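Single-structure report; data block below.
For clarity, chains are labelled A, B, C and D in written order, and residue numbers in each chain start from 1.
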Amino acid sequence: MQLTVEGISFRYGKRLPWILKDVDFTIKSGQRIGLLGTSGYGKSTLGKILAGYEKPIEGKVLLDGRALDDKGYCPVQMIHQHPELAVNPRWKMRQILYEAYTPEEKLLQQMGLELSWLNRWPRELSGGELQRFCIARALAPETKFLVCDEITTMLDVITQAQIWQFLLEVAEKRQLGMVIITHNPELGKRVCTDVVRIDELGT
Amino acid sequence: MRSKRTVFENRRIQLVFWVVLALCYLLGIFFVGLGVKESAYGICFEDKFLAPSLRHPFGTDGLGRDMFFRCMKGLSTSMVIGILAAVVSSFLALVMGILSAVLGGFVDKFINWAVDLCMGLPHIVLLLLISFMMGKGMKGVTIAVALTHWPALTRLVRSEVLQIRSSLYVQTAYRMGKSPYQVAVTHMIPHVLPTYVIGLILLFPHAIMHEAAITFLGFGLPAEMPAIGVILSEAMNHIAAGKWWLALFPGLLLLTVVVLFDVIGDNLKKLWNPQSGNQ
Amino acid sequence: MNGKKIFTELLRMVCLLAAVSLVAFLLITNAPIDPLVSYVGTNSTLSPEAKEEIAEYWGLKESLPKRFLTWAGHALQGDLGTSITYKKPVAQVIGERFSYSFVLMLAAWILSSFLGFFLGIVCGLYQEGIFDRCIKVFCLILKSAPTFWIGLLLLSLFAVKLGWFPIGMAAPIGKLSSEVALGDRIYHLILPVLTLTLVSISETTLYTRQKLVEILSSDFILYARARGENRRQLVFRHILKNVALPAITVQFSSFSELFGGMALAENVFAYPGIGTAITAAALNGDVPLLLGIAVFSGLFVFSGNLIANILYGVLDPRIREGEAL
Amino acid sequence: MKKENILKVEDLTVSFSRYQKGFHKTSLEVIHSLSLEVNSGEIVAVVGSSGSGKSLLAHAVLQLLPQNAKTKGEILYRGNSLGEKQSRKLLGREISFIPQSVDYLDPLMRVGAQVQGVYGTKERQQMLFQQFGLAQDTQQKYPFQLSGGMARRVLISAALMENAKLMIADEPTPGLSVDLAMDTLKYFRNVADQGAGVLLITHDIDLALQVADRIAVFYAGTILELAPTEDFVKGGQALRHPYSRAFMSALPQNEFQPLAGSQPYAGNLPKGCLFAQRCSLCDEQCKSEDAALMRQVAGGKVRCIHAIDQDRNREIGNRHQAMAGI
């Protein structure tokens, strides 16, 4: 399975500067590409375009050659930096987790998700716990690629290591393709198969 | 068991207590008013212009009619109109608000334009024109009040829905293949409902006040029907003769009803959204 | 707020105004009154030919859209027809009476804006103090009390019981309006202005207080305090500007409530302004006057909104210099 | 230059009253008997995950906590207690604060005037802007017109307006990679070298390792260990508290090995040592109150009775054999 992006350009308004200018990028299943660079250079924007959250002004997003359509479950899922924004505050965790599919018991254990958390409100959980839910939610059987946008920047170092430990395990087993956006080169080297700097991608 | 003081002193219980108290008072007026028989406030000339006394707590008017029961009757009719108008307006606002936020584009522009249009004329003037068109009377004032209160609530609902629509969890839901309908029902309604219900409650007193205002100016309920607006406009003629109680008590009654609705609305607002409840 | 934005704003206002006059026209002409009677009056002494000529002039026979166009055509040239209640051209009636109403509204608007702003600031600064709690309860009651009821109470207390002020009218009865001294006019103006001020002050106070509470818990106030600014410096350097900006725009966009309050206050005090004119017009089915005042009130509200938008663009640097980025 | 104690925080507790799920009111301890000190010429970094209450420490020292916060414990500035009154004279003069982003600037006020503040002068503000390479017209700009880089330099220049004795920075370089953050933080270094004390609050351990003289590990509302940066760089055996060691070994550039479990909530903190449930050395003693007292061990402070002490590890050593023997 291959996810490619050709000639992608993006800006938020006609009078605003180009954030991305004809960027080409390809990732195959099982590959984990680190996207490095300081904030404000379009890393997240590229991530959003890959996962279909934003439509590029120019260029195409192709999954195995076919355009990524909007209908149905998108095989490219995204996990965000602030988990508390990615969950509906008026839903219990159980409803949030089971929104797309019912994950089996084993996956929840593997993620370190305690069953008692399932009937809690999002505001009663910490950032680390919420992020585990967001990851579990994104790991539906149809998911082939994961875009991780600074997912552990806000968390403490131990939680970061815990999350990456089980995430890499799952990615390896299911041969998921992962785009890992981070400003921390050490983390990039440790979790990615290869690393790319955002400013080297576009013109 | 904790001592009585701490349980009561706790803010959340206070909020609920005030809401319940206000509700009982309003329902009391509503049902007493409905139940009052014609005879209770009938005309009897010998006790004309009696000052407030035990037998007539609100005194009597030029035709000897007991003001207390007349006010209660009038207020409950106003409340009926108020409920009708509030329900119609808020339902209209809910539909318009969600439609304009979810569909966006032309629909959004049109509804926004219609809201500006309705807000363009001063409220009283619009009420006047509509009731003028309907040939005054009860039907006219009810429709007038019902059709002029939806713009403000529509804007409230629309901004709430817009905020949710742009949230990350809704975008993620779409990326997980959820249809706009599913998103609207599962994500939007739970968010919009509290705003909607509180909007409905806060709309109610406005509806009653505007009905009283239009009736006072002579366009609402016909003169023979007991209504706060009518009572107060009659009272105006006797002000110069010093019959102060004719004006004071009806207005006071209306004021308490409106204030209590505001109290219910504000307290529910505090109870419902979790963060603000923690002060 | 560059020229283009002001132009689009003006264009939007004009087209909204046209729509409002259309809505007013439709509402009024659908009333169960025979159009001719509404233009001529029930017991008019005009000859049939004169009536025919009036009907022709205003196109009362044609279809609704046609009638609206003829009305609009005349209106644009300033001819709004004659009012049967006052036997004078509508435009003149509006002109005269609006001058009275304008004074009433201006006084009340200024009083309620500045007093309300000041009270809101003080309540916000000394939150949950006795003063704050009293003002909040006072505002809640004023907000919920019907305008005309407040007018009645003031009337019966000051005019009847204490006799300080006249019962009503704008000038002593039996005096020609030209001879009325300024003192008399003000003397008659005090109670209506007081009523209108009391009614509109609560909104301003509560709004200003709410904005102040939000700003006090904002990050930039925390940082200013961390830079050693005392309370007085905080107020004058940061708080007043950040509260005044939204407060000003709200004051200008609340012309619609102001107009409504004015109409009710005028009817209570029998004050000869545009408020009493509109009720009289509606009661007598005087279509030209009713239509004229309705459209005029729309113009009044829109001018307020327009000023509010322009002011916001001029005062708020984020908009004024937004494009410059 | 004589070493002087600029800031001393002793057993500080900050708690808020809030509503539990039901109707009763509970008080939530966000900072829990925290001790820390900053000496002149030194940068002390407080490292902990974001959202764990670190910023509250900065606000507590600045005496800017919200009304519903209650504090216990002592905060001393150069020896005398720092209360509401004393702080009013010192804030903005001897004590300066560097916030996280441009949201901390008044949106309707030009940047130049804000940097100048109530005690600064225009000349010094222009001189600082030049020194930080900010264009001449920057002072006329409004906060929303500043780019990320400009905003940081503006906030730093505001802090340097007065020659502060104590500088508190709350997450001054969010989202920056270490090398870029360094050119902002080198100013902290020369401020410290001129005799001021700098308290740097951040969630980025790499940053702390680069710029701080001493590092405090912030965990569940308290500081478990305060030790020279070298111990952290050496990692492993040099650190005293089991959590600090787990913390360092979880770093990507180290073993990247995570410790099981998660931080306890501020709502239900266990008695005694907060790290008890996750600690391999935990025993009955750890549950007692005095297990949580801050102790001086080999040049650093630590809050653990089994603290690993390099030169005297005899007593600790046999505990390990005994444990392993079971």
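The rule we apply is simple: a residue touches a chain if its C-beta (ideal position, glycine included) is under 8 Å from a C-beta of that chain, and two chains touch if they have at least 3 such contacts.
Since the model is a prediction, treat every value here as computed from it, not as a measurement.
**Student:** Looking at CA centres, what chain is most distant from chain B?
**Tutor:** D
**Student:** Among the chains in this structure, which pair is joined by the largest number of C-beta pairs in contact?
**Tutor:** The chain pair with the largest number of C-beta contacts is B-C.
**Student:** Going by C-alpha centres, which chain would you call the most central?
**Tutor:** B
**Student:** Which integer distance in Å separates the CA centroid of chain A from that of chain D?
**Tutor:** 31
**Student:** Taking each chain's centre as the mean of its CA atoms, how far is chain B from chain C in angstrom?
**Tutor:** Chain B and chain C have C-alpha centres separated by 23 Å.
**Student:** Using the average of all C-alpha atoms in each chain as its centre, how far is it in Å between chain C and chain D?
**Tutor:** Chain C and chain D have C-alpha centres separated by 56 Å.
**Student:** Let me have the rounded angstrom distance from the C-alpha centre of chain B over to the C-alpha centre of chain D, please.
**Tutor:** The separation of the two C-alpha centroids amounts to 53 Å.
**Student:** Would you mind listing the residues of chain D that make contact with two or more other chains?
**Tutor:** In chain D, nothing touches at least two other chains.
**Student:** Which residues of chain B touch chain A in the complex?
**Tutor:** 167-169, 171-178, 187, 190-191, 274
**Student:** Give the list of chain B residues in touch with chain C in this complex.
**Tutor:** Chain B residues touching chain C: 113, 116-117, 119-125, 128-130, 132-133, 135, 205, 209, 212-213, 216-219, 232, 235-236, 239-240, 242, 244, 247-248, 250-251, 254-255, 258-259, 262.
**Student:** What does chain C use to touch chain B in their complex?
**Tutor:** Interface residues on the chain C side: 16-17, 19-20, 23-24, 27-28, 30-32, 140-141, 143-149, 152-153, 155-157, 159-161, 167, 255-257, 259-260, 263-264, 267-268, 278-279, 282-283, 290, 293-294, 297-298, 300-302.
**Student:** Using the touch rule from the top, collect the residues of chain A that touch chain D in their complex.
**Tutor:** Contact set of chain A toward chain D: 36, 38-40, 126-129, 150, 153-162, 164-165, 183-187, 189-191.
**Student:** Could you list, by residue number, the parts of chain D that touch chain A in their complex?
**Tutor:** Of all residues in chain D, those touching chain A are 48-52, 148, 174-177, 180, 203, 205-206, 246-247, 250-253, 256-260, 262-263, 265.
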